[in-house]
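Below, chain A partners chain B and then partners chain C, in two separate complexes.
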Partner chain A sequence: MTVTLVKTPAETAYTDAFDPQGALANVRKSAFAQFVETGLPHRRMEDWKWTDLRQLMSSPLPPVSGTIASADTIDALITASPFGEVARARLVFVDGAYDADRSSLPATGDVEFASLGSDDLPEWVSDKLVAGSTDPIAALNLAYMSDGAGLRVKAGSSMDAPIELLFVTTAEQAATYTTRNVIVLEEGASATLIETHIGGTGEYVHNSVTQLHIADNARLDRVKVQEEGLEAIHLSNTDVHLAASVHLKDFTLTIGGRATRQQGFITFAGEHSESHVSGAFLLTGKQHNDTRLVIDHAVPNCLSRELFKCVMDQAARGVFQGKAIVRRDAQKTDGNQSSHALLLSDDAEFDAKPELEIYADDVVCGHGATSGDLDENQMFYLRARGISETEAKSMLIGAFAAEAFDDVESDAIRDVLGGLAEGWLARRKAG
Partner chain B sequence: MPDIETIERVKEIDVDKYKYGFETIIESDTAPKGLSEEVIRFISAKKEEPEWMLEQRLDAYARWQKMDEPDWAKVSYPKIDFQDIYFYSAPKGQTGPKSLDEVDPELLRTYEKLGIPLKEQELLAGVRKHDEPSTLDEDAGPSYASGKVAVDAVFDSVSVVTTFKKELAKSGVIFCSISEAIREHPDLVKKYLFSVVPQGDNYYAALNSAVFTDGSFVFIPEGVRCPMELSTYFRINAENTGQFERTLIIAEKGSYVSYLEGCTAPMRDDNQLHAAVVELVAMEDAEIKYSTVQNWYPGDKDGKGGIYNFVTKRADCRGDNSKVSWTQVETGSAVTWKYPSCILRGDNSVGEFYSIAISNGYQQVDSGTKMIHLGKNTSSRIISKGIAAGNSDNTYRGLVTTHKKAKGARNFTQCDSLLIGDQCGAHTVPYIESKTRTATFEHEATTSKISDDMMFYCQSRGLDEEEAVALVVNGFVRDVLQQLPMEFMAETQKLIGISLEGSVG
Partner chain C sequence: MLEIKNLHVSLEEEDKQIIKGLDLTINAGEVNAIMGPNGSGKSTLSYVLAGRPGYVVTDGSITYKGQDLLEMEIDERAAAGVFLAFQYPIEIPGVATMQFLKVALNAQRKARGEGEMTTPDFMRLVRGKAEQLNVTTDMLKRPVNVGFSGGEKKRAEILQMAVLEPSLCVLDETDSGLDIDALRVVAEGVNALRSPDRGMLVITHYQRLLDYIVPDRVHVMSDGKIVKSGGKELALELEKDGYAAFAA
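So, the complex of A and B:
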């Protein structure tokens, strides 16, 4: 194939390594061609105006899969997952490859698992792997995807014991690791899913895609925790397809990563569905997190809620871009979105672009965005009761962030998230 | 079936019955079609401009040629052929009349048809009673000084008549056409023109800088509270004439001025281009209030024709404690691309933006504001009310940003959209950039329709459907209406009713 757009060393590295084999070769080729059209996204592209990947990925980070790290390194990272006690089943991926020995499959026959790295993919996975996403990073993911979890929760079954997908990146190589998950909930199924990303201290890119296909009357609770290494670039895309009468709850906690770009594309394809998407950022140093959500109300009578709580300390920068589209026929849509930012330092920055694009008239849609420092009155109230300044600040920050995961169903998971926030605050206090 | 009635009414949508659609036939003294250095030289010579002005124009033209037409706004229209436009057209024999008597009676009749004759304007403003002599006479006594409106009427590209000039001069206020200012007050113009919107600011501003033909110039000296509201009525008349207005308002330390701008245009089929630039400079403790009612021809019921309105409006709050307030009512034009902005440079400076944007038929509106906080304790307030009906698209696009040094900056933004009918679109695209801890930003947006409950409530009390809609819409936009000067408020309430006639859904 001819490659016309090669500009940065990182792009060159991707182009040089491209040599698709196996059953997915054609899909990968068309996905790569799509990526080549734009190359790495940069700030002159409207959706990427606050996150310039050409700049952030200044050195070549060639695509790699499989680990060269020692067992001890890997085990140390795995035990770092906060969900060890909570998850009933765990699928572990180390440096972009499935690690069967360290994984424990769900004990029930209601869930079917397939490693996406295998040559012989079941049809329910392979027919979901199609090129066509307009996002260059999602296209790049499909072109290089090395492994990931295919999960099918069978019709009518209930998998309330949480399943954890744990992605460990050892950072032994300055490389790009590419994983993709295909999650299918059949009619009336319900499941709780945890996605954890943990990484070592070196430079690497983790390009992760999760596809959620949720059939009629199904219910999914999903929690994602991103604790990549502090030199890492975390790129993620979540593609959600909701049929009728579906109930989705999705929460993302972002603590790690030097630069993070998380995108969520949620499409309502059936009526009377609900999606509640929320997130919290706890950022410090020079961390950068750009979250972009596109909620597409293509059918009538659906409800969407988004709530993002963003805490930025030191020179960190948070970005929230949320777009709600209500198509011509999507009457009776109820959409509401809010993002709130807490800036703890004079060098911190928060950028927001909450967008509405509405073509139906009988709808109730709105968004709110605020940004500012801690409330002086609240501080005064706490200080007047003898609480030290540092302690008072911690309490207020903790409470601010916790609102985003208040309605996570599982008590155990909520406790873990609370613990992670507390840990972040403790590190902040320790300075 | 009420639904069928509604459909019938929508079919009869009012854009086809544009109240102000007519043409005045006056011979034009026109530059050759198209845009070139020669045309710019022709304009400059016509205006008897000094050499430096011509140089600025040519510089802008050179920049414009290297620029691309912006495509980020949510509007679509056929590509404009700049070589098919007349860039200069002056009503013949209208170079500087001294009084209304010297004005072509045809022009005066035009204003009368618009419902805004100058003499009527005096009455509206309470300047004189029916039995009193007109204050338009140059010897108007000071006893009539309060509540006056000074009008700088622009007919096509040339300022036709400037009233009250003498009286304004008594307080040291300069209010004249920009061409006159270039000739009479070159130092002021040199100092401030292009200082807020530079020649190469954007595609349309560059075009305007190269070919602007007229507009208003206002200078309020230190400590002066302008004794009357200043007002301009813009008209586009000659066929295929682009209208390139340039307005410059300077408010010196501690001064105050309120400026009104209103426009209507005659009906025609060819699309017309309007690319105006407005620059406001507010020095220490000064305040400028700029109000616009824009009601240009929106095109017919099939979306044919109508004005393209690409406007750059920007205020520079240069001094501490200065304040600029933009108020706009946008009901006309086929395509609107307009973002009145404030650069809040002085400490404690205040920027405000109040907007009502109504679109019907096939109109496309992409409008909003930019509030750029640079000084300490600067604050801004944005209230935007968008109403979309028919097949129109109505977008709010705005930016609120703080510099790191803008400690204690505050912003409050509220953009509400109302949809009437299921073939229109309402969009909100705000950008919020907060770069310091002490800045507090609040942004809120809602989109809804007029609820059945509200309609039922009003109708059960004997209002018909259209009255009920007008009542609800007027309530919806009340926050902005209240910001308009008295002279515009009554006119605007009527305009809202007219714009939405037949759109009940």
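So, the complex of A and C:
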């Protein structure tokens, strides 16, 4: 039986606003057609059963780009980025549009930047903008994408001074903001990239896609910090294409957002590559974070690691869905994923859904998921040394979350992440 | 300093009595040793002194420096000078030993109304004491007790004790799992802390530790009670005759 769903007000708003122009019009049309096939994902779709966007997006949030906010509002949000001291170059996007005046381009000629909002995109960007993703939210993103960063790190060059992509959403309008980044690392290049999402108070949707195309022998350290406003819905897709002998480290810290759905699709297309994907959620109130990863081992001799540490207080809810596919030719695959949840209240909830699809016979793959309260013995030990109950809890929660970013290469970035976790704990203590 | 009267303790989870009418007095400046067979309630006594959850005091009292110890929170007891050196020190991944020590020391100082110690002063204090106990800088950087050998864990416990300078030191089977060299280092560390203002309670199954930490008083514990008390020669007697004579 086919159930025909009535369009929600949010879906109607997306359809009514659709009027693609310019060079990408055809790509946008096919992407939108793909979105329309399913509409907003809902709980009867297996991968979305914990995150029903038809319900979460109950009012129309029409696609908008460009800001109506005052300079003071924008500057205050930009100052809220914790990476002000750490980033060596910064590309700022305000309400879905590039803000050249508030950005500072990388000083070196080894990195090329293109604003995706430009009418005249270089080929290395436009080549990568193709419809065909099976994910409705990624398709919707391509249909409506208004701006974002195209970054190309040239072959053999090292960009270890961090570049920050800062997405500021002022929340002055109840709208959907749609951004997309296309990051290309050429052969043997290396880079450190920070992606920061900061938002004001008010309802909005930020639909964000980051495409990572990493060529042979390249290395990328990427850190994403999501501090959207607490009434925001953050929808994110990271599409990763790894060639041979690539080294990827990717860490995401989620603190903000009323509801977050973040997806990562990682494809190993060349041998001897490694991907380390980790994340920490620090959630409270009624915050919701559903993280889904799909790791596709299409070739032999690659290694993948996923580690997620999820802290949920009050009535927060976390979901981790980790899927690993090991195709028939992908012998000697070494894959492991784990998710660990710390539930600080009886009302907090965590769901984990590991999935392994293994078609090769000579592989090592594993998964593990734990969820629980703080360890009583550790609490007793800390308190027996004179540390108060509140402080001991904070120490243990902080240590629990920090394990997920222990691996981040840059000391300066790791310190910022530690500071963000401490800030969250301090707010928790203050009640 | 510490007066335990008619102490009765049960487990919270099951209706089982572990300590059945224990009396013990520890004076400042004294080292008291408690010896006894496994299951006699020695470790339970140490946990009750430190305030570990899971035990219920059904009768009796513990007075520490004139205060009702049982009314105090775990961390209040620590700040008031009660220190338990754990038989099995707990691993705390993600918390560096040095940071842990600093937070603990400053929490105690704050609770006592003293100012926080500055980082340079603290580093000097810890480095000096760590050297005496063969605790390396590497260990201080590592997470609390994570990846430490048995001997390293016990040395780290004594280092904590030396840094926190408690008034009442309770050492629960500090000798277990130590070879003779490690035992000597640990015992020297403990002996260095002997002082006229400090009371010590050394809990052990074997007499061996008491060759190195010579006690003023020895008590034999059996089936939840002190069944015999005497001078240090009592330990030697026990070593020769065993605990059989005291079996319940």
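Please note the rule applied: the second predicted complex is superposed on the first by the 425 of 431 C-alpha atoms of A that agree within 3 Å, B and C clash if a C-alpha of one lies under 4 Å from a C-alpha of the other, contacts with A are read in each partner's own complex, and residues count from 1 in each chain.
Methods note: a residue touches a chain if its C-beta (ideal position, glycine included) is under 8 Å from a C-beta of that chain, and two chains touch if they have at least 3 such contacts.
Keep in mind that this is a model prediction, so the values were computed, not measured.
Undergrad: According to the stated criteria, A:H367 is in contact with first (chain B), second (chain C), both, or neither; which is it?
TA: The answer is first: A:H367 touches chain B but not chain C.
Undergrad: Would you check which partner chain A:A341 touches, where first means chain B only, second means chain C only, and both and neither mean what they say?
TA: The answer is first: A:A341 touches chain B but not chain C.
Undergrad: If you stack the two complexes on chain A, which partner ends up touching A:E349: first (chain B), second (chain C), both, or neither?
TA: first
Undergrad: Going by the contact rule stated at the top, is it chain B or chain C that touches a larger number of residues on chain A?
TA: Touching more residues of chain A than the other partner does is B.
Undergrad: According to the stated criteria, A:A430 is in contact with first (chain B), second (chain C), both, or neither; which is it?
TA: Touch partners of A:A430: none, neither chain B nor chain C.
Undergrad: Please identify the positions on chain A that touch both chain B and chain C, taking each partner from its own complex.
TA: none
Undergrad: Within their complex, state which residues of chain B touch chain A.
TA: For this pair, the touching residues of chain B are 72, 404, 417, 419-449, 505.
Undergrad: Would you tell me which residues of chain A are touching chain B in their complex?
TA: 46, 328, 331, 341, 343-373
Undergrad: Would you pull the chain C residues touching chain A in the complex into a rising list?
TA: Residue list for chain C touching chain A: 50-53, 73-75, 77-79, 83-84, 86, 89-90, 92-95, 100, 103-105, 107-108, 111, 143-144, 160, 164.
Undergrad: In the complex of these two chains, what residues of chain A are touching chain C?
TA: On the chain A side, the touching residues are 376-378, 380-389, 391-392, 395-396, 398-400, 402-403, 406.
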